[in-house]
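See the structures that follow.
Consider the two complexes below, in which chain A is the common component and chain B and chain C are the respective partners.
Presenting the complex of A and B:
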């Protein structure tokens, strides 16, 4: 046994070629298995309220009865104004919020005794101009010290682009109702935005004086924002359950305590069930949990704003959206009471929400895994690249540069190293011991850096061209992705015309550097946006195991061509096309959204795609392509 | 008239006898809440409820040290500004308009608490912030807050350990700052807090054992927080419903027997072993011995016989009185008449020490006798002598003074 181990240890081929392959592969397998094990009872935990101050559901909510009459009155007034607008503009499908309705909101807030202000903004992204006007009113805490505030947001258009008439009306009714309480320790800001995509972003940017020039500054401000709740109610009938949306831009999440508070109040105090991640029927089985988690991870990985609340997250303001869903017997008053109770809980806060988790994956309204449990999954996948990169680096140092028949990481060769083979290699290494292996790093470093910088080109392109051209640009990039690696491979193999032809060691170094960067970037990213790191890691997994092929020309051509085709199916634009085809969403809308995210929300997903994933993929293709030339 | 003096004599005797039983002469209460923040409303309500009870049973504000780290009444979150309630029925506003908070806000620290107990305070610290107890004081120490195994958290910033507390009480004993001490604590794992006490005459009781939480009793849905803790709630229930007046004869045994684990949801503990006579003796202490206010008077060295002691003085006074009486007899013999009252006195003086005390007043009863003159001379003498200089003549005055004070107090 020990002899066998010693043999293996003294076997350089095993150490530098086979072992890293095995380790890398194991990392990936364990990483994926780890994720799949998370929904089990033993690995996930029940949620709990960590912040003592919140005391969710301990207060009686009085929002009922006569307030409903006021709600109906407000709603009728607003509806009349909206209908007016619709008739004149003759738009049946798209209801635009008329200035008259906005003015009404303004005057209702003023009449309720709030300080009211407005803010105009305009954003341009991918050739589309988004403009609008925010209206907001502030209830100053009667006995508080105006250093902290809670925000209640009602957007005229919900995240799904429906008219949120009842939501807006409810917010107005609550504003009038809250104004009469004297127990607020924080100011309460009621924010009415024209839509869920731009309005809150403009407002919250301006609140922190970080707004672009096209956005007006805020004439009226309050203290530090402690939390935000977005109210939606885009239909007329009564609802059954509350859907809690919590994902933020770039996969940032609100403090788990806020989510738990909402679940505790909705479920415990009000008796309304709470859903998440569009899982309308959740039976708490393994499959349902896994599906919920995967949906959460997808949203987190893509990093887009899932509602008006998402814009608050980059400023470390915990925010959620409450969406009534289904047909049931809960009315707007029940939603109002839920929000009242939430505000009372937030009002109890003594400091910013900090006790509970900011990094978590939810799999049920009362079950989650925290970063400590799930992080190893993405870390293992990121680690596989690093292991391979280090192994390649060591291998380039171990083998003499001139050795022509260096095995370069094909996993197909599975014959066990025989004793004679090992001895042979030992002899060879002994012979070459005098010739110190020198790494030729200039070309690999330049190439890797250059290709990473090249990622800026698609990054710029996809964020700056007009939205009509997005589909065309995607197809062009598919073609570029086919041609560019072959071109680069040919160029490298034939010596670029200025230097001598590239040697095998340099191929290994190129791969080493590329994987090193990839591993570094992904493991760092895993701590910030676990899901994105995990997804990119999986998509890049083949890159660890491909390299320049050796052997007879026919086999090389065949295998590398097949490899290139398969690899091209995993290129960023092809993955985009595939996902769009599968989900039935148009490529243009996805890319428009992405460009909007980049321009307005500060979304970083594209940077990761074009400057981490794409260069690594490109280098993998170059390696494989070089076998042809 | 004469029967009245008889009564006085008897009372004086009674006093001397009761002093021999080493009763306490004053009551002090130290009531401490150690937590701040709105969600700890109940801890302040606990303390304020107890404050109200000890005040009801007679301990004056000057003898209550109340430590409140936060101001719930003025918290902006309070739906009922200016009030604190310990019950959801909101029948009694604990904040009322006559509470005196001695240590408030950030003054409530471990250091201040220990300095208060051990009287290691600067000269300029006002009386209201001092525990003025002495060797005759029964002290009630009540603490509530968030605690753990052998510690109690103060204000989220520091904590007092079980040893700190034990040492503080140890020092109090050494400095004769208590006669008997009742320590009560309502916090998680409360019983661990009194495990290290070593000074005598302490009865300690806590709300929960090691690894047990103490729970709140109920919440007020309008205030939005829990308003009182379970153990305190049931202790108060006992005090409020059973100990209805300062004359209550209920003892500590009754109080501790009233603990009902099924209601308190934790196992309260009692520690008797530091008390002389242990549980048997300790159980007999009445509740008002600690929660009420006694009116006993201490006469220093009542039973001592060395020079300068009370017995010595009384003997001296009786000799003096005898001398005066003889002089009076001589005087009256000269005049050739003797009064009936003198013979009465003679009779009573034969019973022992106490009767001699009545000499002064008896003489004063006579209008134009020696007594009145003597009294006046003595008053003059007293004025002439510097204070603190004890002469037999001066001490003679003590007797009627003590007696008259006793009369006054027994009639309160």
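Presenting the complex of A and C:
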């Protein structure tokens, strides 16, 4: 056994070529397996409320009876105004909020005794202009000093672009109802936005004075925002269950306590079940848990805003959206009571939500894994690139040294009889060795840095061109991705008169630097957005194992061409096309959404794609392509 | 004049790159100015603005306890146009300071003192970079660019140190002392470089002139010049501020006693946050003693290469200073390429560079999690500053190891090439 280990240790080929490959591969396999094991009972935990002050569901909710008449009255008025507007403009399909309706919201809030203000905003992205007007009212806390506030948001259009008439009406009714209570110790802000994408972003940016010029500043403000709840009710019938949406921009999540409070109140106090991640049927089996987790990871990884609540997250304000779903016997009053109870819980808070987890993966409404349990899986995948980079670096240091060794050995063997001569030669070789073989790093460093900077070109393009050109641009990039690596490979192998032809050591160095950067970026990213790091890591996993091929020409051509074709299927634009084809969404709409996210939400998924994934992929292709030339 | 054309090329490209960065990303300078990795309480441009505001309104700039920099910077910056309405002249002023620093590096490199001095002659003389390449490493180092764009006032200290060294290796010992006086006046800690610097001057003096002078006399004479230059600058400062003790305690007292524990890339802030107040004075003494003790040890051990002692001390300062920033690291990285001939002997470059790269990515990420996202805490960021210091320490220790190895090979020509392995 020990002999075998010693043998392996003295075998450079094993140490520098085989072992890193095995280790890297193991890292990836263990990383994926780790993720798959998370839904098991032993690895996940039941959720619990950490913050004792929240006391969810410990108070009686009084929002019933007569308030329903007021709700109906408000709804009737708003409905009439909406219909009026629609008839004059003859728009059946497009839901557009009429100025009359928003004036009505304004006057109802004012009549209820709230301080009301409005804010106009305008965003332009990918050649599309989004504009609108936010209306908001503030209930000043009778028992507070206006240093803290809770936000209730009702958007006229839900996250799925449906008219949220009942949600808006419910918020209005709650505003009138809350105003009469004397127990609030935090201000309550009722915010009415025209849609779920832009309105809250404009408002919360302006609340913190970080708004762009096209957004008006807020004339009226309150204290630090402690939490936000978004109300949706986009249909007429009664509902069955509450769907809780919690993902923020760039994969940020609200404090788990807020989610737990919502689940505890809806499930425990009101007897309404709570769903998450569009899992309408959740039997708490392994498959269902895994599916819930995967859906959560996809949303987190893509990093887009999943509702009006998402815009609050970057400002460290915990926020969720409550969506009624299904047909059942719960009416708007039940939703109102849930929200009342949530506001009472948030009202109890003595300090900002901080007790519970900010990094978690939910797999059921009462099961989760925290960062300590799931992080190793992404870190292992990121680590595989680093292992490979270190191994390649060591290999470039090893081979040049071992080469001069063999001829020296032969020489000394042949001249063994004359001892003095051998010594002389030994000395000479030693003198030569003082000129140590050094790595030629200038070209690899320049190339890797240059290609990473080149990523700024597609980044700029896809965020700044008009939306109608997105599909064309994607196809152009598919072609560029086929041609560019071959061109670079030819340039490197033959020099084409521009530079000296490259030597094998430099190929290894290029790969080493590229993988080092990839590992670096992915492990950093894993701490910020676990899912994105995991997804990119998996898509890049083949890059660890491909390199310049050696062997007979025919074999090299065949294998490398096949490899290039396969690798091209994993290029960023091809993956985008593939996913769009599979889900049936148009490329244009995805990219429009992405550009919108970049311009308005401050989403940086694109940066990762174009400045981390794409350069690494490109260098992998160049490596493989160089075996053709 | 092919060499000069190359130099103009490098300098021109460096200038244009900086100009492009501020034109393409106008918010970048202000973003960098606010980063704790770049701006510390003693070099922050924002704090300088505050001091300047008070100064131009005839209030003592040290009122309010925000400004802690040398008073002579104030009249200098009051000459520049207002930063808010017209930021470009100030930015260009900083670009020029960077280029001037790079020029000093070219001079140091071309003097050849890093390879061959009176007592030392490197074994691998053929492996070296010329002055322009050394300057290019400095000018295109992202840390240097970030410091320059953030308009940190450390660049003036950097200038002082680099000019002190470039004058010393050029044989102009008086100017070297004046420049060191300027640097010490600005930031105090460069005064620790006096002993190795005077040794550089002394070696250079013996090497090129026939007059032999006594070492003690020479050192005392130069110490007097240094003291005179500092006293002169302090006197000028007194003329500007009017209240001598106020400015001394607000600047040097602030450097020495470390009252501001804003996070930075160094090791002091977290330690002194955790410290009980009764132990504070003792540990401040210990920390300073630790920092100063490297001077004696390194100078004695590497007596034959005083210029290398200066370079290593700059690395030590970048790690163990009370308010270090990436500008200190960039100064150390600027001096390292002068020792290109030692690179083949260094063993852990890859790991050190990886650690530094990791920490420079993870540092901002963890700071974001701590301060903005609220999902991390101070320990996240402190852990990364430890990694950063570890990376720099490995690099430092490795370079000192290879310098010693080089000396050893010089002493034992028979044993050259033994036990030299690249990992």
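To be clear about the criterion, the second predicted complex is superposed on the first by the 592 of 629 C-alpha atoms of A that agree within 3 Å, B and C clash if a C-alpha of one lies under 4 Å from a C-alpha of the other, contacts with A are read in each partner's own complex, and residues count from 1 in each chain.
To be clear about the criterion, contacts are C-beta pairs under 8 Å (C-beta built on N, C-alpha and C of every residue); 3 or more make two chains touch, one makes a residue touch a chain.
Since we're looking at a predicted model, the values are computed, not measured.
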Open item on the list: Quick one: is A:46 in contact with chain B, with chain C, with both, or with neither? Answer first, second, both or neither.
Closed with: neither
- [ ] Would you sort A:185 into first (chain B), second (chain C), both or neither based on which partner it touches?
- [x] first
- [ ] For A:520, decide between first (touching chain B), second (touching chain C), both and neither.
- [x] second
Task: Touched partner set for A:390, first chain B, second chain C, both or neither - done: second
- [ ] Based on the superposed arrangement, let me know which partner A:350 touches: chain B (first), chain C (second), both, or neither?
- [x] first
Open item on the list: After superposing on the shared chain, does chain C or chain B touch more chain A residues?
Closed with: C
Open item on the list: Let me test your reading of the model: by the given contact rule, A:60 touches which partner, first (chain B), second (chain C), both or neither?
Closed with: first
Open item on the list: Going by the contact definition given at the top, which residues of chain A touch chain B in one complex and chain C in the other?
Closed with: none
Task: chain C residues within the chain A interface of the complex - done: 123-124, 126-127, 343-345, 350, 354, 357-358, 361-362, 365-366, 368-369, 372-375, 409, 416-418, 420-423
Open item on the list: Which residues of chain B touch chain A once you look at their complex with the stated criterion?
Closed with: 37-39, 74-79, 81, 219, 221-222, 224-226
Task: Touching residues (chain side chain A, partner chain C) in the complex - done: 252, 314, 316, 352, 354, 358-359, 386, 390, 393-394, 397, 401, 430-431, 433-438, 516-517, 520-521, 523-524, 527-528
Task: Of chain A, residues touching chain B in the complex - done: 52-53, 55, 58-60, 141-145, 181-185, 344, 347-348, 350
